[in-house]
Amino acid sequence: MSMNLTTTDQDLKTRLQNWLPKIVLAPSFGLVVFFVYGFIAFTLYLSFTNSRMLPSYEWVGWQNYERLFQIREWDIALNNLVIFAILYISICTVIGLILAVFLDQKIRGEGVLRPIFLYPMALSFIVTGTAWKWFLDPAIGIENTFHLWGWQSFSFDWIKDRDMAIYAIVIAAVWQSSGFVMAMFLAGLRGIDDELLKAAQIDGASNFNLYRRIILPQLRPAFLSAFVILGHLAIKSYDLVIALTGGGPGNATALPATFMYSYSFTRNQMGIGSASAVIMLLTISAIMVPYLYAELNEKKR
Amino acid sequence: MRSILSVKAAAVLATCISTSTASAQDVEVLHWWTSGGEAAALSVLREDLSESGYGWVDMPVAGGGGSDAMTVLRARVTAGNPPTAVQMLGFAIQDWAKEGALSNLNDLANEQNWSTVVPSALQAFSTYSANWVAAPVNVHSTNWVWANSKIMAELGIEQPTSWESFIAAMQAAKDAGYTALAHGGQAWQEATVFDSVAMGVGGPAFYKAAFIDLDSDALGGAQMVEAFERMETLRGFVDENFSGRDWNLATAMVINGEALFQIMGDWAKGEFVNAGQTAGEEFKCFRVPGSDGTVTFNSDQFAMFKVEGSAAEAQLAMASAVMSPEFQVAFNIVKGSVPARTDISDEEFDACGKLGMAQLAQAAASGNLFGSMAHGHANTPSIQNAMYDVITAHFNGEYDAATAAAELVTAVELAK
Amino acid sequence: MTVAAQENIVRTSQSVRVGIYLALIVFALFYLLPFGIMVINSVKPLIEITEGNMIALPREWTIDPWLSAWSTAQIGVEPTGLRPYFVNSIVMALPAVAISTALGAINGYILTKWQFRGATLIFGLLLFSCFIPFQIVLIPMARVLGVLNIAGTTYGLILVHVVYGLGFSTLFFRNFYAAFPNELVRAAQIDGAGFFRIFWRIMLPSSGPILAVCCIWQFTNIWNDFLFGASFASGSAAPMTVSLNNLVNSSTGVREYNVHFAGAILAAGPTLLVYIIAGRYFVRGLMAGSVKG
Amino acid sequence: MGFLNINGVSKSYGSLKVLHGIDIEVEEGEFLVLVGPSGCGKSTLLNLIAGLEDITDGEILIRDRVINGVHPSERNIAMVFQSYALYPNMTVGQNITFGLEMHGVSKKERKIALDEVAKLLRIENLLHRKPKQLSGGQRQRVAMGRALVRNPDVFLFDEPLSNLDAKLRVDMRTEIKKLHQNLGTTIVYVTHDQIEAMTLSSRIAVMNDGYVQQLGTPKEIYDNPQNIFVATFMGSPAMNLIPAIVRALDDGTVAEISLYDGSLEHLPFGRADMNSWDGREILLGLRPEMITDEESADRKSQNIARIKNRIEVTEPAGSDTFISMQAGGKSIVARMKSDIDVKPDQVFPFAINMDKAVIFDPVEGIRIQANISS
């Protein structure tokens, strides 16, 4: 009686049904394999060649990587990335969380406030770059305005200060993304079961404890999503720096993305540019792969 | 479901349709002359061509002093459809010629005698292995000082003729509460100043040895240290908020009477003219003291990319139109620069223009015409940017003059 | 403060609520400031900008900068203003958003409801593609577009945006559909609906919130893209951002800041509109699944 | 051959085998309930019948047609899901007729069928609502309507009542039973609720660990459980399993159990021949209703044993009162009349109906067949 059924025993409709999903998914998969992974492989290859203005195929081994790590600007760029990413991610998360918690208090006018917090995400720095530059510029911006209003000792010249400029960039970056993080947390908060909160209140939890012990732990998925999105925005930050400081004063605000663009396209050192891109990709992978692995395995269960 | 399929079908179809933006009788021109005046000047060229029956496909890409345009160019060449003509500076032309991507304009050049009317320092960029590959549009000289006449008069400052009198003049302005030197803290602006300062310290021989021949002794030598020291002096005359400032805002400081001088290329003149000022009256122009008699230049040229068939014809027509005296005059009056040909009357130019043309001819004749390091006419972009890094880091106080000179040697070595 | 407020589970005292309102208003001002600067300066004559205080209100109001930016400003050699490029952006963004969203939706549907061996790996690969720095794909992409003969066209640009939008759109829909009951699909199968019919009749009509999130996200990214637009479709096919950049970023010419600001606001108009109109669906859509990702 | 035949069906997910050679034959018009704890494989088996999952081994036939590999929609089955699986975007009417539409039934015929079903289920006034505007019971009806309208060979129910509150569940249970009686359709019904299983079914398949533990009528399952699992799973409160030792005495074989005070009591097996088990441990299976007071003891019984035991807890449950006590070192439950007058700690005389006692091998967990008492 027992026999092994193979697909040939299935009717046409069932067989089609088994194949259709794969067939329909195939174009997307193909596109991504080619246009993303193929191109990554290409970049990896270029990083071992002496490509300058255009790709060349002359193998030079690890030379580009050796040079890359001798370039001072790359050091600065990596240091900046660490500072920038840590501050950007943590400040965005904190502000996003605060705004979300505040907005979740049945606030009047939420419908007006929410788009105000959210809209910067809609604007690229090509649009807002000049305004930001002015705003941060001590001669015409906020510092000058406070001086005009009579607060003479007020000083805010980070954008002009070699040591502080990267923090000024963080301000603009936080401005752009924190509203988006707010939206994610707000969605998370709205998804929490009211009964749980009631139970906690009956247990006598104060508001602070309610948030710290009950609500925040429930927002874990929102935290993770925010971390991933902010992390990848931090690593890819490019427009921001170009619009605000162009990497200056000096090279004080260079980031890996600006470094890579500059070496690949402005300085005709595509080999070194590619090597820096590979390092960037490795950094992204180091953050993303464990996250993806954990996340996808959890889903399976 | 059906509409999903049809959307996909449309996408597939779309990838199959081939469209080309330029037809054979058009010239497609990639450039970054996007401001009102520049674009207006360029439309002179467009009209010339349309009179001869050639269309103009405009492809402006502004940003980064042309670097974004160069990125786009790379994408276009890689894609296999380069534009007909590309605005280009200095060594980029040589790099593209080296790749074999440029057309040969020799027939036209011989016919129109380009080699006798274009200074040989420019020809070094327009030709590759003795073949003309680009048509020069203009010559910008970069070692100019722009001065506010009113402040000069008020403080009794004469046009400085030496470094010392230049410094003295600025000190006077500073003491009087003016910003002595209007400056924008961007790498290329700092390099522009450094160009003139280095020329002033060491003269043509030193300039050539350091920036063109990349001689380590010159790059790291005492004269270079002195040049960096002079930069520190200038830093003392710059206001606090210079960092990141666009050059035209710095120019506006001179125009508005907030600042005495600005060291900037001749494109700054457009700002004065636009503000209703006249050369020699509200503002003055003179060479950076110490660099008199020499001209450091950059030259916008139209590099001609290899195109097929009748497009090549349109391309030649364009090259010819670019080199025509009418266009050279019309364009350069607007742009503030001087014509790339030295055989043109200066009649229609203003005082600064006339001065510039005369000095260009003189410097070309005496061999004191040099490509500007700051503007990519002394060496390749990688070297140029490596020097930028050091100059801007030093100017922003990252290290002292001696270290800067040493750093310059290392940076250049790494970038070679 | 209000009766409604007291219905909130987390009870807060009157003074705390005042503090919350104050904090929210301060933040709102901070968020509005840069845009406010742009608006104020776009209605000033240029002379007031170059000599004056950027935060000051205009002494003389003018809408000329807006008119100029829209229809007469010099973009390259043509005094066309941003208008034609606005059309380019629309023509590019709408199909790109539609296609990448449609593919993302059907991918998400397959990856949750028709799981097969290796589906998780494929999803991982799709998702990771969100994180590729776009600068590295410029050169090889240019080559591919050249080979396909769509370099420099809107079609090419649409292809590029679809490819690099797939990761996020698939992520959105996958997370949304993961919370969608499998039993519905099974019921539909028994009812005799096939692969596409289930998607079209059952899944898609219930995907409103996530469609909103995905479309907002894709539209914003595609509309705001500069790098691809400049590299693969400049010239007359250039999108709005590229022409805005040409307007704003001319390197050696006179800068008309008021026109620049007006142009920037015009360029940002559609995305702003989308955020303001669809903003609440955005939070709702995020709630409906994507934060779980 | 039956109407629905399940022949040696196995199902594996990779190396994990969740169904082991299931054999069930269902006659036309029969109401088969698959019951068991969660993870026993009952839902998987239902999905295999529906064609929602592939069969690893064996075959399933409906009306003598092998349906392995046949698409779910071509099997002429209908299914009611636990969550009802109503399409949220469609109205009730559209939900019900979606299947017909997919099978190319004309609009006019669909309307006729819809009206008929709506009338049958008394949901005529709901046809234009969306599922989220319905109550749980209404959704349940719509879900059944969707199945009924197809007029299928076999109805499949996957725990259809588990999302309803207690009152509604009982009502709907009755309605399903009525529907079955009126329409005479063949039904395979999955539940984990043994009361549902008992009340609804014409036959029950008790499943555990991927095996059918016992297949039979509700009465067979209740009275003659084949193993400890079936005995304890079916019935509420569960059957008492009292550890006992078999003693072959002069006046017959008895089960020796210990009571609350450690004293030993002998319960005679009566006609059952347990001599071969002399001296060995067994589990004595007694349903709570077999332990009563003297008055309520089954008059027909041939074999009533009497013991005195201390009452630990009394639980009045309306119609009955349940009493817990210690026996064989375990807590056991007796079912008494509701008006019984007892108090905790009272030592009370109980009557045990040994005719219906069942005996299990404590090691193997299976029924000791030697002891078929009737």
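For this structure, a couple of remarks:
Note that the chains take the letters A, B, C and D in the order they are written out, and that residue 1 is the start of every chain.
Methods note: contacts are C-beta pairs under 8 Å (C-beta built on N, C-alpha and C of every residue); 3 or more make two chains touch, one makes a residue touch a chain.
Owing to the predicted nature of the structure, the values given are computational and were not obtained by experimental measurement.
Counted as hops between touching chains, the shortest connection from subunit A to subunit D is 1. Counting contacting C-beta pairs between every two chains, the top pair is A-C. Comparing mean CA positions across the assembly, the chain most remote from subunit D is B. In whole angstrom, the spacing between the mean C-alpha positions of subunit A and subunit C is 15.
Rounded to a whole number, the gap between the C-alpha centres of subunit A and subunit B is 36 angstrom. Centre-to-centre separation of subunit C and subunit D, using mean CA positions: 56 Å. The multi-chain contact residues of subunit B, meaning those touching 2 or more other chains, are 8, 64, 71, 74, 78.
For subunit A, the set of residues touching two or more other chains reads 13, 17, 27, 54-55, 261, 265.
In subunit D, the residues that touch at least two other chains are 51, 71, 73-74.
Taken as a contact graph, with one node per protein chain and an edge wherever two chains touch, the assembly fits none of the named shapes, being neither a line, a ring, a star nor a complete graph. By the document's touch criterion, interfaces exist between A-B, A-C, A-D, B-C, C-D. Within the complex, the subunit A residues that touch subunit C are 13, 16-17, 20-22, 24-25, 27-29, 31-33, 35-40, 42-43, 54-55, 95, 98-99, 102-108, 111, 113-124, 126-128, 130-132, 134-135, 140-141, 144-145, 148, 175, 179, 183-184, 186-188, 190-191, 194, 197-198, 201, 207, 210-211, 221-222, 225, 232, 235-236, 238-239, 257, 260-261, 264-265, 270, 274, 277, 280-281, 284-285, 288-289, 292-293, 295-296, 299-300. Residues 1, 4, 7-8, 10-11, 14-15, 17-21, 28, 30-40, 42-43, 46, 56-66, 68, 71-72, 74-76, 78-81, 246-248, 252, 256, 265, 267, 270-271, 274, 335 of subunit B touch subunit C in their complex. Taken together, the subunit D residues at the contact with subunit A in this complex read 7-8, 10, 21, 51, 54-59, 68-71, 73-74. Of all residues in subunit C, those touching subunit A in their complex are 1-2, 4-5, 7-12, 17, 20-21, 23-24, 27-28, 30-35, 37-38, 41, 53-55, 103, 106-107, 110-111, 114, 116, 120, 122-141, 144, 162-164, 166-167, 170, 178, 194-196, 220, 224, 226, 241, 244-245, 248, 257, 260-261, 264-265, 267-268, 271-272, 274-276, 279-280, 282-284, 286-287, 290-293. Considering their complex, residues 47, 50-52, 71-74, 77-79, 81-83, 85, 87-90, 98-99, 102-103, 146, 150 of subunit D touch subunit C.
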